[in-house]
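Shared between the two complexes below is chain A, which has chain B as its partner in the first and chain C in the second.
Moving on, here comes the complex of A and B:
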């Protein structure tokens, strides 16, 4: 079984773009170790020749070979403001500038 | 006029009959529900939309005055105030997912299910509390505070659709929508004594559901009666071109199914031994076994079945769900919507920007994102994510085998009744294990219903779980409604 060290917790948190305090690192390391030692029961299960189930309706859709792929019209249905016609999607943005999403300069 | 007691209404049909008799108008009913909801102390709602609701209710008044009768055939949810779990996006109405990440998010569009309910005459009173990003089974993981159990304030209502179940039970909305990834509709329905359905994967469009784990998530109804859930299902189900996972099949007729008695003599009810283990509390076991005896008394045949791989279901789930979550929640980066903290706005490196923005996630979300990122990371992916998907296939095969022998499978929803707020806090694994009876249906993509079957020895509600083969919702509604009628008569 994988041993969860504080360094591994930090490394994985970094991959997930989460910054943890030292208290969180300590707490999560213990909890992850506990959860992993539980889920490790699956290692003992014999899965020889078992296809992984990624998506529940995969076999149904594969069996229905007559089915045509679903196409819909290539039509823009972007919600816009009644007042000025600007895209509503910008209203939820933390910062916008001249009709674009604005972010801090990072290069 | 005396204020309406919203807790007295047991079904949509009863409300429509009262509209027909002119007992009250939709706006009077809606005001009564709003008052009950806003005066409530359960913390079931995060956001109220009283203006939208009253506007829709007043418009319904005009229709009723003109037509004299509820236009049921074209508007099956005419004048019905609902509640929506706060992970369903609603145009212009704040949608938080119970997270600081989306504290001020006003989506530019509405979920397909929301539009379909509105087109059927319903409207929303507001957005219901939940576990943050639907991650939890007790509704204690909300950035807006825990929801209380509707009859026992020291208890949890279950989660993650805790607000959805508590509000319906307390008469704060007629019915509600929840979402179920590992039991998040059925568990709170069971704890709060209401009916809840997780439909077959692909039955209901998820366009506009903020994704947690995409191979498991499914939207479903919670209501005070089996038939109310059927009314909502008939409106919501059906293919949606905006959701590529929604199945291209005919809509079910769940209301008709409720009114049709099951073929009891031909009905084989599977009883999985794995669902009656030592972890069951005596009160839960007693109530569920009584329900099974009732089925037998109607002429159904009880057949022992075995789902041996369901003992691995929790382990599989907490690898698959967190892996998918770590991918789905990568979209919360502070660029186009969601939290961008003052620190993020000052960041000079991209990584700092992301990390500051994502500091808005609560502890359970962080824990699951780290676990999911681990399960998908190089060197561990085959041993964890891929292996979990293989064992998931075995869990699904167990059901396929069982459904060759039986028509439906019955058992408890949860091993115990609602536990105390704080009782399992700080121990994530214990809380995860509470989902062991609901997760198997999600892993296999099957429909499953929770129907109240009485109270445990502690006076708290117990839920009976009915699981069927893929797309067997009509059968579940037929059996569930018959059971409910039988129970109300005794």
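Moving on, here comes the complex of A and C:
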């Protein structure tokens, strides 16, 4: 079974841009270790002859390999605007600046 | 110690579809408008902004365009390819992952032929894979906050990954130009580097000549012109050799090119590939592609740049250099062919006309296009302008200086060549009756030089021609004039 070290927890946190306290690092290292033991149990099952199931409708898909998926034709669907003419998606934004989503400073 | 460079290129070409890869939002600005003119987030919807509960549906044209790129680069096309999630955490990517392809890309194992210099032999560069993916959004960083514009999120791209088989900046440049010509001839990408729809990342490493193992590679990100890619690679090769010779070690990292200083600068240490945690995207079932689709696309394939180039050389007798320059974009090649057609209809010999047209297009016209940054189709110049220009110079009606002047007028106003020639009086005098008195007058004015010429100092001919040119305001037909002056000098000496 893979060992989760505190260093690995910190690395994953860094990649996810999470700031963890030392207490949290200790706590999550233990929890991640527990999750891995659970995965180990699943991995003990012999699946040698079982096709991996990735797609919910995989069986139908596999039954007819000459069948292409349903594509979308290359046609523009005009994006929706709010009543004031601004893009509809911005209605959900907590903060907007000159039509852009405003987020905390990245760099 | 001698070093050799090993270079591999990853090119992202934006596909020229109307709508995005997984939703119906516009993928590009309307014709004639630039990306910068579109208000931020105007081309977005719940799908490309990653709202919960939305599902992507693949744009059929993206599949067709990716297959066309594969066919043109002799790739094998997979009957089944798979979209995968590439996970990373950055605000240009609302879902937290980019939909891309990983271990089952749509095209694999092709090649492209390149010529680093017009005189070098052809070299085959392997193409490892071509896959489909969505572009990310754009961030602007201000003081204290950052801004997110998702217009570009979900715009369709193909990523074309070469094998690490390029060994110099010149080869890398030739590969890029060749690939650029292929995608623009196919019409699957606008290939506009300034607008960012043809971008290149270069992986560069060096190793002692003859060594089998690769050195540690450095990735140079998003360089936006062919020339800058070449400069960045050249700099990077020298930098790495310097580090190794100084006893140092190359660090695997991502660098960016500063085009003002011509240097590459470290950006961040590269995350390991595993950190992207690729896995098949359960929202998109595998892309099945039938033989029938591939065959139909194969039958629709237009004539590719290599073939056009060979045709220009064999049928029209153009040099490899001219043929390469004229086929660098499909528009330029078409423009050339249309102008040549117009010219042939006036009875001018095709090969002769082709050579003269090539000279104008790669010379003076090329210079005007480069300086203004305008594509020939968007300029005021038409094929009729070019055909007229070549015709009047080949017929001797206008001198080459006069023709350049006419071109420059037509370039800025769009006025027809015959009209400019008439308005500025550019027609050169080819009438002997008109020239003869002027020649006689000049010879009479310089009896000493005339005597020297007759005594054998033949280079004085140029002096007399120059004097007559001056007297006639530069309008005399130079070839005709030279002949006439020589004849008159001899005649007047005999009398």
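Criterion: the second predicted complex is superposed on the first by the 76 of 107 C-alpha atoms of A that agree within 3 Å, B and C clash if a C-alpha of one lies under 4 Å from a C-alpha of the other, contacts with A are read in each partner's own complex, and residues count from 1 in each chain.
In this text, contacts are C-beta pairs under 8 Å (C-beta built on N, C-alpha and C of every residue); 3 or more make two chains touch, one makes a residue touch a chain.
Keep in mind the model is a prediction, meaning the values are calculated, not measured.
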{"item": "First (chain B), second (chain C), both or neither touched by A:99", "value": "second"}
{"item": "Contacts of A:26 with chain B and chain C, given as first, second, both or neither", "value": "neither"}
{"item": "Touched partner set for A:13, first chain B, second chain C, both or neither", "value": "first"}
{"item": "Contacts of A:55 with chain B and chain C, given as first, second, both or neither", "value": "both"}
{"item": "First, second, both or neither for A:5, with chain B first and chain C second", "value": "neither"}
{"item": "Partner chain in contact with A:72 - chain B first, chain C second, else both or neither", "value": "both"}
{"item": "Residues of chain A that lie at the interface with chain B and also at the interface with chain C", "value": "15-17, 54-57, 67, 70, 72, 79, 87-89, 92, 101, 103-106"}
{"item": "Chain B residues touching chain A - in the complex, by the definition given at the top", "value": "91, 105-109, 201-202, 215, 239, 241-242, 244-245, 247-248, 309, 312, 314-316, 318-319, 326, 330, 333-340, 344-351, 353-356, 358-359, 361, 363, 366-367, 369-374, 377, 380, 383-384, 386-394, 396, 428-429, 432, 443-445, 470"}
{"item": "Chain C - residues contacting chain A, complex", "value": "17-19, 22-26, 39-46, 49, 51, 57-63, 79-80, 88-91, 139-150, 271, 275, 280, 282, 284-290, 293"}
{"item": "Footprint of chain C on chain A - complex, ascending", "value": "15-17, 54-58, 61, 65-80, 87-90, 92, 97-107"}
{"item": "Touching residues on chain A, where the partner in the complex is chain B", "value": "2, 8-9, 12-13, 15-20, 24, 28, 31-32, 34-35, 38-43, 45, 47, 50-57, 60, 67, 70, 72, 79, 87-89, 91-95, 101, 103-106"}
